[in-house]
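Worksheet for the structure shown next.
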Amino acid sequence: MSPPESDHDQLRNLMQRYARAADGRDVDALRTLFHPDVTIDGARGELGLEPWLDSMRRAPAFPVSMHFLGDPLIEVNGDEANLDTYAVVYQVADRSSGQQDLTLGIRYVDLAVRADGGWRIRKRAARTVWTR
Amino acid sequence: MSPPESDHDQLRNLMQRYARAADGRDVDALRTLFHPDVTIDGARGELGLEPWLDSMRRAPAFPVSMHFLGDPLIEVNGDEANLDTYAVVYQVADRSSGQQDLTLGIRYVDLAVRADGGWRIRKRAARTVWTR
Amino acid sequence: MSPPESDHDQLRNLMQRYARAADGRDVDALRTLFHPDVTIDGARGELGLEPWLDSMRRAPAFPVSMHFLGDPLIEVNGDEANLDTYAVVYQVADRSSGQQDLTLGIRYVDLAVRADGGWRIRKRAARTVWTR
């Protein structure tokens, strides 16, 4: 049997699951990563979970994306954890249609809470640091 | 004395050792990271260890490379572990000879096994997600 | 109560704190990450802590930076630890003034020591692998 994952390891996996679900446009997988009462403050303003998932469900502007995340800076306080994660998001264009790539430097500032035997994101602020 | 590294920490180090051995074109260091019966499914099709190492031994197309790896998504099941790792590989050109840089977004999907007191890659699929 | 962070987790956080302090040009935060007798061998030669902090205090050449760090390769030996960290540093230009972006592939090779109940960088060599 394997020893249980540490909180830090679970939180790192939470972020990596987010990247894969976002790149796969997998709305059901995304839903499992967030607390139902999450608020997500990003490019479209502050949204609750279902409106934000709706925005992810829409046809993406780019055919391929890669959410490339750095190691999160993690601080665990009992059943809460603060995560601060640098990311470079590659939005890869379909050049044959004249589209151009978009690359974003993003900083995810998350509050996660222990819930249902795991961790979920309870509050997120996604700040775009640079775009090219 | 230091406490023993956790499985997650050992697996993260395994991936980082891969990056350094690949960038250093260090075939002997690469060999220690893989199980002798590994299959590596990548740009050149599915190869066993020695044919794959031969392909790494050949003169590289680019003078400098950097295998920049994200945090692996890790799942440990006893003596096996699944790793799913995003990477951006910078192949840095010698511009004086007219060569152009190549940057690849890659996803390494690995099965690692506990062997000889450590972890080794038993199966790898390297999928190129984008190139520029 | 949360279990104490492992040495590996503390060392990963040390590197992530470095990234945020460097990008925020926060000299006081930077000072807390280093041992007072650190030597930092980088683009400006080998410097002690205060001369190096002075160099960070000067007006930056670029308005925005992002020190995007990979997972460090970590080896802990009692009260010392070796870290080898790949990084891509985005120096984001003010294009309106004709400036151009600078991106650097850097490898931080650090010796950290246990001190004051945490870890601090005792010796750093920052090697630029590529620039674009």
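Letters A, B and C name the chains as they come in the text, with residue numbers starting at 1 for each one.
The rule is short, and it goes like this: a residue touches a chain if its C-beta (ideal position, glycine included) is under 8 Å from a C-beta of that chain, and two chains touch if they have at least 3 such contacts.
Note that this is a predicted model, so its numbers are computed, not measured.
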Chain-level touch network, classified as line, ring, star, complete or other: complete
C-alpha-based rotation, subunit B on subunit C, 0 to 180 degrees, nearest 5: 120
Separation of mean Cα positions, subunit B and subunit A [Å, integer]: 25
Multi-partner residues of subunit C (each touching 2 or more other chains): 6, 70-71, 88
Subunit B-facing residues of subunit C, complex: 6-8, 70-74, 76-78, 84, 86, 88, 105, 129-130, 132
Of all residues in subunit C, those that touch subunit A in their complex: 1-3, 5-6, 9, 12-13, 15-17, 19-20, 64, 66-71, 88, 90, 92, 101
